[in-house]
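Chain nomenclature is as follows: A, B and C, assigned in order of appearance, with residue numbering initiated at 1 for each chain independently.
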Amino acid sequence: MPKLKLNNVVKRFGENTVCSGVNLVVDQGQMVCLIGASGAGKSTLLRCINLLEPIEDGEIFIDGEDISIPGRNPQDVRARIGMVFQNFNLFPHMTALENAMLAPRRVRKLSKSQLQPEIENLFERFELADRMHNYPDQLSGGQQQRVAIVRALAMKPEVMLFDEITSALDPQLVGEVLDVLLQLKSQGMTMVLATHEMQFARQAADKVCFLKNGKIIEEGPPDQIFEAPKQVETQNFLARALK
Amino acid sequence: MVKLISIAAASFAFMATTALAGGHCAADKTLTEGKFTIATGNPAYYPWVMDDAPESGQGFEAAVAYAVANEMGFVAADVVWVRSSFDEAIQPGVKNFDVNMQQYSITAERDQVVDFSVPYYTAPMAVLVGAGATDTAATLEALKGLKWGAVGSTTAVQKIANTVKPTNDPLLYGDNADVNAAISANQIDAAMFDLPTALFLSAVMIEGSKVIGQFPSAESDNADQFGMLMEEGNSLKACVDEALTTITENGVLASIEAKWLQNTTGVPLIK
Amino acid sequence: MNNTKAAGQTRREKYEQHQRRRSMLIAATSTVLVLAALMIFVPMAPGWEKVQKSFFNAAVLTKTFPKLLDAFLVNVMIFVWSAPAIAILGLFIALARNAKSPALFPLRIFGATFTDVFRGVPVILTVYLIGFGIPGLGLPRPWNSPFIWGSLALVLTYSAYVAEIFRSGIDSVHPSQRSAALSLGLTELQVLRDVVLPQAIRNVVPSQMNMLIALQKDVSLLSFIGPVEIFRQAGVFKSLFANFTPYVGAAIIFLIVTIPATRYADYLMARQMRERR
């Protein structure tokens, strides 16, 4: 059974169709990269998976369970699916540690002292132990994004969604964040990334999907997509993106 | 009616006498030569001025005004009425009236800024109580326990503080209407006014209220005396004082007071 | 090249120092001139002596000032219990106006009506109507006290303004903060309490400081319905001494409190502007 499965997902904003029938299968432990031009629907698709946006048609399954039934309580789904955003979106009034503890305290109903060892361990794993008590505005962009990843991991998610998480970073800070992704992959995390980092997608992804106008035009292993794309649209996009 | 005629006749007689006695003592001293400009409140109330129309000569202050004017040698047509507020009148600066009559209590402090004529009325302070306190005895002892109110700009404030010395701090208001509202809302039991005002409020404004007592006006500590207010150093003062003294001595003032403020009787003295 | 540098200063530093000195000199000169003009010409005005005697009378001021301070404690008291009530009610109204669930629709209507009504009516009218009106319904003492109902009038009016400021603060929190919090599995209520409100409130602290300063002054409006606070006490003294100096004394007491508060609010505002940049 696939870990995550999208079946004919349709999302519209008014007249504007952003996802027009997306089918996607992600297996346990896979890293899937969504590529495509801005506005192709990558971000919206991730937000739909996390139920931040209700979908108009189609189904989304996790472990075979339909999580997209209209009216379903989204909180427990979101607790199982972590999400990291382009602009970090850390809570500015909390320290890094408090950022990471908020959701486990509220959702998993654990006390600060119960959580302390577990969360501190996460900060150590991602080399942020000395930054735990800093506020977001005292951290570099790369550090902030890694804290955001820790914050999502603190909920012990089964699937992680990454929405162009390096796009807002200075080039020299991109590496430290991508390293974290590799580390997560090696630990068997199931991940879906919307990304413009073609080089990274080519080296690290298990599967690459090319989106255009809210549809997956072509998908396959990175070698196939990057070396021998079948569709003209994919070829055109890659020709520009890899220039 | 007989009284009215006699007053009119008396006034006429005095006017004639003044004329015979040789001219206006007010000549060259009034705001407008040949006119006597008198200010009153806006609006002016019963029983001081009837129907807010001082020109009619009806009401205590309006009647006194015309009597004084006559005494000074002005005919009724020479009396000009203007309106002013309390604050306007005690501000430094040029006045737009010769005299101002709106129940100004004569006090030493005020006298430093403006001039007062000799008094034309000595008003006793009286206690007005709301419907819930009409049984209160007219004794200082009984009055202490009441919740008091007064208009903050009047000498009633000092009367309460120095004579009644109530247990609770009094509440103070901007004007009579607000004191009424507070009595009606039962926020205060009693309010201190001069007797004519108290009687008017009790009879006309506040349902169920009663004037339960008055302080002797002879209590010289702060018996309220109303005087005509003039600009500091006004040369007209001697003239006005003379006219007032004359109508006080010949009983004209007393008969005006009896006519317009006669219902001041029937309220017991506070012991 | 060397002759353009003096005492280790660059040309630019030297120039700027010169400019600074020049503008300070101009500011000082013009201030002195204006003050001198005021001190020379105002006393030359024909009414000055009268004005001085009735507005700036030292004897009256020394006699009345201690009692004015006593009366000011009444203002402080009313302020101290009104301000927290305003904060709580204001926040509640702001949340009511932002309520999204259909079940809470009546609350939204209530919130909107509340702000419309109490922002639309002058404070003094509300003080009169509530301060005399509600006790007039026949409440027993002490529940008809003008202190209670007058304070309530202030609380209602100020809550309406404070609510609008809170609402602007809530709107100023970027939607991505909500998304991030929701994506972690928090409920709407938790998002509001833990993420949105703390930021919203922090964003509007300077504006709310200005509301506090305004409230501090408007407490005096309660004098119209009975309480003898500083404005009324000054009025009593004005009548007693036929002198306006007590009002000047009251103004001085107000300024002693409001000037530091205003400066502090300005400082907070300026700091916030810097942080946003």
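The rule is simple: contacts are C-beta pairs under 8 Å (C-beta built on N, C-alpha and C of every residue); 3 or more make two chains touch, one makes a residue touch a chain.
Quick caveat: nothing in here was measured; it's all calculated off a predicted structure.
Colleague: Please identify the chain lying most centrally, where each chain is represented by the average of its Cα atoms.
Modeller: C
Colleague: Find the chain most remote from subunit C, comparing centres computed as mean CA coordinates.
Modeller: The chain farthest from subunit C, judged by C-alpha centres, is A.
Colleague: I'd like to verify one number: the distance from the centre of subunit A to the centre of subunit C, where each centre is the average of its C-alpha atoms, in whole angstrom.
Modeller: That pair's centroid distance is 47 Å.
Colleague: Give, as an integer number of Å, the spacing between the C-alpha centres of subunit C and subunit B.
Modeller: Each chain's C-alpha centroid was found; their separation is 42 Å.
Colleague: Just give me the whole-number Å value for how far the CA centre of subunit A lies from that of subunit B.
Modeller: Computed value for the inter-centroid distance: 87 Å.
Colleague: Under the touch definition given earlier, write down the residues of subunit A that touch subunit C in their complex.
Modeller: Interface residues on the subunit A side: 47, 50, 52, 74-76, 78-79, 81-83, 85, 87, 89-93, 102-103, 106-107, 148, 151-152, 155.
Colleague: Can you check the complex and tell me which residues of subunit C touch subunit A?
Modeller: 176-177, 179-187, 190, 194-195, 198-199, 202
Colleague: Please give the residue numbers of subunit B that touch subunit C in the complex, ascending.
Modeller: 90-93, 107, 109-114, 147, 149, 152-155, 157-158, 169-174, 178, 181-182, 184-188
Colleague: So in the complex, the part of subunit C that touches subunit B is made up of which residues?
Modeller: Contacts found on subunit C: 47, 50-51, 53-54, 132, 135-136, 138-139, 141, 144-146, 223-228, 232, 235-236, 238-244.
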